[in-house]
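One chain, subunit A, links the two complexes that follow: it is found with subunit B in the first and with subunit C in the second.
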Partner chain A sequence: MELMKLIDCFGSLSCLTTQITSALILGMILFLVASGLSLIFGVLGVLNFAHGALYMLGAYFTYTLLALHGNFGVVAILASIGVGIFGVIFERVFIKRIYASPLLYQLLLCYAFILILDDLAKLVWGYEFKSIGLPNAFRRPPLKIFGSFVPSYYVFIIIVGAIVALILWLFLSKTRFGKIIRATAHSSEMVGALGINVQLVYAGVFALGSFLAGLGGVLAGPVRSIYPGMGASIIIESFIVVVIGGLGSIGGAFIGAILIGLMRSFGIIGFPLIEESFVFILMAVVLILRPRGLFGKKEA
Partner chain B sequence: MKKTLGIGVIVVGVLILFPFLYYSDFLINYMTQILILALYAVSLNLLVGYTGMISFGHAAYYGVGAYSVGILLQKYSTSLLGSLLVAVVFAALAAVIIGFFCIRLGEIYFAMLTMAFAQIVYTIVVKWTTMTGGDQGLIGGIPKPPISFLGLSIDIGSPLGFYFFTVVLVIGSFVICKIIVDSPFGAILKTIRDNSLRTYFIGIPVKVYQLIIFTIAGAFAGLSGALMALFISGAYPDFTYWTKSAEPIFMILVGGMGSLLGPIIGAAILNLLTAYITMYTHLYELIMGTVLVIFILSLKKGIADHLLERGLFKNLRASSLKRVQVEKGKETVKID
Partner chain C sequence: MKKNSRLTRREFMKATAVGTAGLAAGTFFTANKAMAQEPIKIGFVSIFSGRVAMLGETGFKGAQLAVDEYNAKGGVLGRKIEITNRDSAGKIEEAVRIARDFVVKDKVDFLMDHSSSREAFAVKEVSRDLKVITMVTASETTDHSADPKIWTPYNFRSARQSIHDCCVAGFYAAKIAKEQGLTRWYSISPDYAYGHDSTDRFFEFLQKKSPEAKIVGKLWPKLFEPDYTPHITKMLGDKPHAFYSALWGGDLVAFIEQAMMYGLFEQTKFFSINVADYTVLKALKKIPEGLHTGSRYLRNVPDTPANHDFADRYQKKYKELPTNWSWETYSGILFLLEGIKKAKSLETEKVIKAMKGLRIKAPAGSPDFNGQIELRARDHTNIGYAIAWGKTISKEPYVTDLFYVPWSEILKEEEEYLKKKGWL
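Showing the complex of A and B:
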């Protein structure tokens, strides 16, 4: 009986550690993608359906750059920045034209780009699954924490995710740029009237959101397989994260992502066949009890 | 209305008579496929074009219809019409349940949630191996028992027989859709599309109407999926995948969403494109995506909408197309 395994797991510290670690790496990667999605929506008012494709690009960039340069740290930074630059070009060339269009056109344009980018990935990197393998710096015996063995790369993902979350929070709430971004989310016209270049803010926020998605892809690269269309599942999970956490809320995205990570990593022990449906049940409950999400604000 | 009816009768007459004038298996199969996909696109357009609900997960109902009819006929040897009916009911049930959650919030949430729920249908199809055949799909063929109807036994095993069967069901569905959108109920749907808040203020339960049309659209998508499963004698996980949800969106955008005719034109174009593109390249989605981008950024409206605006087929016009363009107040959400 699988349910007994779940109960056994709750009784054992090493099993708990293993599952919580895997929940956290899943949650951190999801947070990076979902926070970018939420940030872009909050400021630009555009729901970037193609955000999963940016995550995919992050992973593919890492794959290609690692072949050229061995150092994972350098590659990770370059690949994320590369996705950020790609995001800015995408925003300036295409998304910019549809700010005033009806929602349908905004969604469809992003949707069209999922199709295009997935096929471009097939064209450039081929159909087959790619894997990167653990970076050299992390090829060492796993750390022993509470009797469970945790690969050092997992710890790295969790630390990077936590640091990014912290920096993002400090950036948005404490700095001048953060204030401008929040003000633009509130009323872009007023911000423009005060002499701030709103277009620049939009481009910057899109770059930041794309960078975060790219970083998610970079970190996921060594632990997941890379294939065209890998963005589809992460974008759907990100949607669930922002529905649970509240669209536009970075804190909500963090809590939502960790919750989904926990649901999945413990669900897979107790209910391996229907593990994925737990996430949907959680979402359904949130939708009924708190339609705006856990941290979403009521519309004025 | 009378003119519409006249044109309808002529179209049906042509569809039924032309195989007797010129017959080829290729053409018949091609027409069958276009009709089935046209129904799929028309069903989505009830939501997108007429009610302003942007669903990105229509494949869920298409897939439920396809798998239901396939499993019933293959594993339980039920009658054909009975299986079709059950498939439609199952698709409608799926739409009621999923719709209940999706319509609770604004249109952006609706788009995200429909896509997310379609993914769970996909997951179920892939994981429930004993019933659906998992990754492999429902293989081994779906039997098409002859239909006994009013003492008559009609065989739909041949391409021509199945074509006539499809013509009857699809054109029948189009007529029902036309009646729905021209009815007072349809008028309320268009009001919701143009301004849901005002519709709510004049005392119309917007959510109830949205759920009803979502269910109807799901049922027609289910019928279309069921017909497709019969046509290709199988059902595959791809039927519920998100790319399958993209297809009808492509059709209604390219064909035009202001009328019932638009999605039908779109279905024909997509089918032609698919046939030609796949001859030369596997990069089918790249081309589909590029065509979408061109339509969104430059043409803005589908082919039928452009024709209608120039006064052609004026009688087929559903409602003022300009109103589709009405911009809605953007949702503003604060960042914390």
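Showing the complex of A and C:
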């Protein structure tokens, strides 16, 4: 019985280490994408379905920039900023026009952009899937931790994810900009009345959200395959993360993303045939017991 | 009516004669023109957008190459061939609509269905309904042509067939398993019809030749799964001797890159039916050596002048190497046009009759099949194409130690399977 394997795994340090790191890798990339999604929804009230396409752009930008400049660290930052800039343009030119419109218009616009960006990617980079390959610094045998193997690049992803989460939390809770953003989420009219340029806040938040999605794509690029439409694979899970964590909550997105990672990496040990379903079961349980999500605020 | 405009009888006769002659000449002329210039039209349905855009793009290139080569020699029955494509985006209802529109509005003479199996089963019903000959060039699922309940005489398949592939795969794996004592087996395949069909058949053939092979686990990640880390760590924990995979395309590339980071291939032998396709090989930054793989398309499978020449012509025209889909569509056009030639007509019933059991020389033709491929009369599916397994190396030709199973044996195994299913 496979269930016994799950129990055995909980008793084995090496199995625990392997599965927890595996959960963290899935979780961190998911967190980067989902936190941007959550932030944009929390402040702008826009359900950005095209967020997965921004993740895709991050990966493609990395692919192109790496051909021009060999250093992965520099490329990672440039590519993420590139997606952030794209996000601002997208918000200023298109999203801005539909803040007052019904939700359906948002969905239509975002969905249209998924199709447009996918086709654009096909025109620019071709229809074939691309693979970046591991940066040279990480081309080495996996690290051995407690008798289990952990690839060094994955350690890097986990560290970057954790640092970003920490910075994001400090930024939103400790700085003046963070306070303005939170205030805008609460009441944009009031913030506007205080003489703060709300449009600028909107553009800034969209840029930040896009930057995070781009960074997710950048980090995933070397280990996942890159193709037009790759955003579709992550957008659904990101929405689940946001639902579990609570709409608009960054802390919730962090916990939600790691919970999904854990569900998948331990689910597959005990129940390999229905591993995928645990993510949805988790979402259903959260929706029943706490419909606003783990860290969601009550509707005013 | 003008007044005073009565024609004399003579004038009337003259005018009529000239007019009639002119009309007749006109009709004759246009009819002749139609005979000489009205092209043979083929409608090509496939996926050109999203994650599997490569299916449509490289498939169409294969078909276009064949069409261009025929046109350069003056076409067929004195008529040029014209092929147009449309994108179903992988949606069943869209593929059906496109197929219908091609026939009803665009009046194409033939359909070429280069869809995934999902849409192909639906497009098959269009061809049955509208009685239009359809060349199926991508759906590899065995049932498509083997299950008599859904069979239609209007469908022909130039694509490879899962059961043939799996037979060679299983026999090859059994040989290696015996040599190296591989008894604990695992699998990781995409969770849809093709993945299950391919994996189950593979294990049947493996265990038939190597009964001591035990299956200790099967994993079914969803199609287009971006991250296989949980699956890889699960396999590392269960320590199988070897595992089989029907993952393909970008999914396979991602899986290999991720598995290499964990050193999975050093600990267990990998048997993947789909590595040896140039799209996969090209995308891998570093091709791991010593993986066992089936050939999708390689210029040295079959290692014949005809196949090398095909790869060269394709590469010259498109600046890239053919894929599995390119040879499947190329063969499809060959079958169709040679069928029309033989029938000396475009009439459906005549062309069907001509294509039944049609054997032609083709790049894909296996040497033990005389370099030919055949549309088997019984079920209208392709046999005789080259299938090989071997070990990967990092440089061209990418796969060595090629292993073939004679077609006589493949056909015997297929027959046994079909009888077991009650389909024969």
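The rule is simple: the second predicted complex is superposed on the first by the 299 of 300 C-alpha atoms of A that agree within 3 Å, B and C clash if a C-alpha of one lies under 4 Å from a C-alpha of the other, contacts with A are read in each partner's own complex, and residues count from 1 in each chain.
Here, a contact is a pair of C-beta atoms (placed from the backbone, for glycine too) under 8 Å apart; a residue touches a chain by one contact, two chains touch by 3 or more.
Keep in mind that this is a model prediction, so the values were computed, not measured.
After superposition onto subunit A, the partners subunit B and subunit C occupy overlapping space and clash.
In the superposed model, A:S80 lies in contact with neither subunit B nor subunit C. Within the superposed three-chain model, A:L39 lies in touch with subunit B and out of touch with subunit C [touch as defined at top]. Subunit A has more of its residues touched by B than by the other of subunit B and subunit C. By the touch criterion defined above, A:L26 lies against subunit C but remains apart from subunit B after alignment on the C-alpha atoms of chain A. Contacts of A:I250 after superposition on the shared chain: subunit B is touched, whereas subunit C is not. By the touch criterion defined above, A:K122 lies against subunit B and subunit C together after alignment on the C-alpha atoms of chain A.
Shared-chain residue A:A112: touches subunit B; no touch with subunit C.
In the superposition on chain A, A:E276 contacts both subunit B and subunit C. Contacts of subunit A with subunit B, set against its contacts with subunit C after fitting on chain A, overlap at residues 118-119, 122, 232-233, 273, 276.
Residues 48, 54, 56, 101, 104-109, 111-113, 115-117, 119-120, 123, 127, 242-243, 246, 249, 253, 282-286, 288-290, 292-293, 296-297, 300, 324-328, 330-336 of subunit B are the ones touching subunit A in the complex. Across the complex, subunit A meets subunit B through its residues 39, 41-43, 45, 47, 49, 94, 97-98, 100-105, 107-109, 111-116, 118-120, 122-123, 172-173, 181-182, 185-187, 232-233, 236, 239-240, 242-243, 246-251, 273-274, 276-277, 280, 283-284, 287-288, 291-292, 295-297, 299-300. Put simply, subunit A touches subunit C in their complex at residues 5, 9, 15, 18-19, 22-23, 25-26, 29, 118-119, 122, 127-134, 141-142, 149, 151, 153-154, 220, 222-230, 232-234, 264-265, 267-269, 272-273, 275-276.
Those residues of subunit C lying in contact with subunit A across their complex are 48-51, 53-54, 57, 217-220, 222, 224-227, 229-234, 236-238, 249-251, 253-254, 257-258, 261-263, 279, 282-286.
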